[in-house]
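I am attaching a structure below and will ask some questions about it afterwards.
Chain naming follows the written order as A, B, C and D, and within any one chain the residues start at number 1.
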Amino acid sequence: MKKVLLTGFEPFGGESVNPSWEAVKQLNGEVAEDVLIVSEMVPTAFGTSISVLKQLIQQHKPDVVICVGQAGGRLHITPERVAINLDDARIPDNEEKQPIDEAIVRNGPAAYWTSLPIKRMVEKMKESDIPASVSHTAGTFVCNHIFYGLMYYITSTSSDIRGGFIHIPYIPQQTLDKQAPSLSLETIVQGLRIAAVTAVQYKSDIRSVGGTFH
Amino acid sequence: MKKVLLTGFEPFGGESVNPSWEAVKQLNGEVAEDVLIVSEMVPTAFGTSISVLKQLIQQHKPDVVICVGQAGGRLHITPERVAINLDDARIPDNEEKQPIDEAIVRNGPAAYWTSLPIKRMVEKMKESDIPASVSHTAGTFVCNHIFYGLMYYITSTSSDIRGGFIHIPYIPQQTLDKQAPSLSLETIVQGLRIAAVTAVQYKSDIRSVGGTFH
Amino acid sequence: MKKVLLTGFEPFGGESVNPSWEAVKQLNGEVAEDVLIVSEMVPTAFGTSISVLKQLIQQHKPDVVICVGQAGGRLHITPERVAINLDDARIPDNEEKQPIDEAIVRNGPAAYWTSLPIKRMVEKMKESDIPASVSHTAGTFVCNHIFYGLMYYITSTSSDIRGGFIHIPYIPQQTLDKQAPSLSLETIVQGLRIAAVTAVQYKSDIRSVGGTFH
Amino acid sequence: MKKVLLTGFEPFGGESVNPSWEAVKQLNGEVAEDVLIVSEMVPTAFGTSISVLKQLIQQHKPDVVICVGQAGGRLHITPERVAINLDDARIPDNEEKQPIDEAIVRNGPAAYWTSLPIKRMVEKMKESDIPASVSHTAGTFVCNHIFYGLMYYITSTSSDIRGGFIHIPYIPQQTLDKQAPSLSLETIVQGLRIAAVTAVQYKSDIRSVGGTFH
């Protein structure tokens, strides 16, 4: 049986929940189509997030790692295409660090591509009526940080693990007093299950229309 | 036992489903807190919608009537405050009628207020983590038309029935290829159940902050 | 020569400028196509705004009155179709009054229609490449209040004056640290000039597509 | 005197104008703060855009090159931080080419950073009340393509030229029948003038808050 490690973040930025953790924790221990899902929480903190992630990888020895994070304001579940070598925080993280215009890995490459079949993951989610699309920016906060850190780790250790990142919208309870879109937790959980299984089952991606103008 | 009649519309405007009917049909026959919910479909057509609604009222003899319609692009479930005496259609309705700048009722009042406790309905939905807020425009298409027609009917027949209108967002399956927000069908069904029961149980509204700047 | 009175509001809600006053003051004293424009500021306050407006009408004896207000977040210049008999403030006004769910005029009609040719005004603005559309809600704050007060005054005094309200977007300087659209002050000034002259020149409106779904 | 080359694109995607060319052509030949601005149009076509750009660089021998493109739907003028080695077109370009998931430069680096002081450019524009912010994705259409091609050219030729890309919103005339934000052409021209001069005058950037969550 193949294993996929899903991570979700702690709440940050004044929110009392983080939908990424709320969603992935529901999938912990689930076996879907011969894929075992293991879920863990990681801190919303620049340095610590990567060191915790490395420990989790060594502990669980997954075939695929998918870090999941909140993208408040987005409409869709969005697998990310690319991680960039940049920390540029709008607010302090949960350990009060606020790096500005700093490389994540000194002399690291400017960017890493995901090694997940993101267009296939999007297609499978849409086949189940779940709003999904590819994103070309994971931002410059802890989400991009852990995504870059994950891909650097995989590359620099010549690991066979494949990895990537998925951003998810707010859940409804976070938008009661905000003018912002949401997707229900059930929809997000279903989408992540499909995405995780697809990521394990397929190493190559499909070639379909899914780019962005800007 | 009190009875509430919920109506949903046929699909229109190129959509294959109308979330208002998808949602209210799930509640048909349900008894919640000593309130019986009866659900019916009405045509998305200016003239016919009101005549069908009148027949349904005479058939079911409800205590409360709530018409429900799709507001594609809205973020929240939005009970409407006011219906205006105006048909002004951007597109033809499902019977190919496209009235422009016409009164719904000649010499009728410019507007009717809902007779439902809309702020209480919003409050109750939010207590269950459902995004909801009061709206001050039901537009000028068939949604506003049936809402005005309902309130005119109630007023002109001196009926004890109380009535109103609720707009709901798209459901996720409608937004797969749109940049638009949605709420899951489950969330909408739960919200409408709460709103319907609250509308029957309370004749008076609460006084809470819920206005709009524009 | 015909005369049109334009009013703009004081800043409110933490803004340092109000684009409605910034725009209308630039038109004060201008003569365009045989129409004299007179501009005045009114307070962003429920009670005072209408009493000040009445004094200005008696002082200037205009043929047409157009009150202008900020609609932060809107994309277009939006002549309003209808004023409703409701004060429902999200925040205190500039005199610390915050009416909630109160009638503007006790026993007044639920709503008044504008007496301006709003679709013609929209058409003329669009012919000059200015984003404009009809709106069907002026909200429930001071903008709707003065609009309703104006139409009540005209009606109850059997005046020949025609009146209405136009909402305008933010100007760019207000959006430097907001995720919100704006139109430049020059565009708004040009749009209001066109709208004001059109409002004076035409008593009847055109019949064109311009309704809203919700 | 230093020289900056600004490029704008041909219209595409059904638009009759491209605001990038409308804006940059107004700056052609202008001297601002001892900086000469030269403006040229480039085709909205994957392959051709870069070859035309190279010819223009060899012809004009600029100190700084800034390519400008339309980002319909954006609120701000957005200097781009990073170009990625990916063509992924949602629609065919103006030469009917629609590459999907193809590298721009085979074996090229995944990404290049801009060599312009983008935070300083944003700061200077905001000081003049122009809505501006840093962007971390230039998309995957011709805008990103020419940006990557520019940075690859500069790097592979060991040129001293500094280069980058700026996305701009629609202008108002494009949004008459769209629900989309715009900035006036005057505002965009003023913003690009400030950005161009700042880009020439400063080689190093400031360290200020300007990252994105996602």
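Here is the rule we use: contacts are C-beta pairs under 8 Å (C-beta built on N, C-alpha and C of every residue); 3 or more make two chains touch, one makes a residue touch a chain.
The chain list, named the UniProt way, goes like this: A, B, C, D = Pyrrolidone-carboxylate peptidase.
Quick caveat, the model's predicted, so the values are computed rather than measured.
Student: For chain B versus chain C, which are copies of one sequence, does the interface use mostly the same residue numbers on each side, meaning over half shared, or is it different?
Tutor: Same: when the shared numbers are divided by all numbers used, the fraction is over half.
Student: Would you kindly tell me how far, in whole Å, the mean C-alpha position of chain D lies from that of chain B?
Tutor: 47
Student: Can you compute the centre-to-centre distance for chain B and chain C, using the mean CA position of each chain? Integer Å is fine.
Tutor: Chain B and chain C have C-alpha centres separated by 29 Å.
Student: Between chain A and chain B, what distance separates the C-alpha centroids? Give it in angstrom.
Tutor: 38
Student: Multi-chain contacts only, two chains or more: what residues does chain D have there?
Tutor: If we look for residues of chain D contacting two or more partner chains, we find none.
Student: Which pairs of chains touch each other in this structure?
Tutor: Chain pairs that touch: A-B, A-D, B-C, C-D.
Student: What residues of chain D sit close enough to touch chain A in their complex?
Tutor: Against chain A, chain D makes touches at 13, 69-74, 81-82, 84, 86-90, 100-101, 109-113, 119, 135-141, 143, 167, 205, 207-214.
Student: Write out the stretch or stretches of chain A touching chain B in their complex.
Tutor: Chain A reaches chain B through residues 75, 126, 129-132, 172-173, 175-176, 179-184, 186-187.
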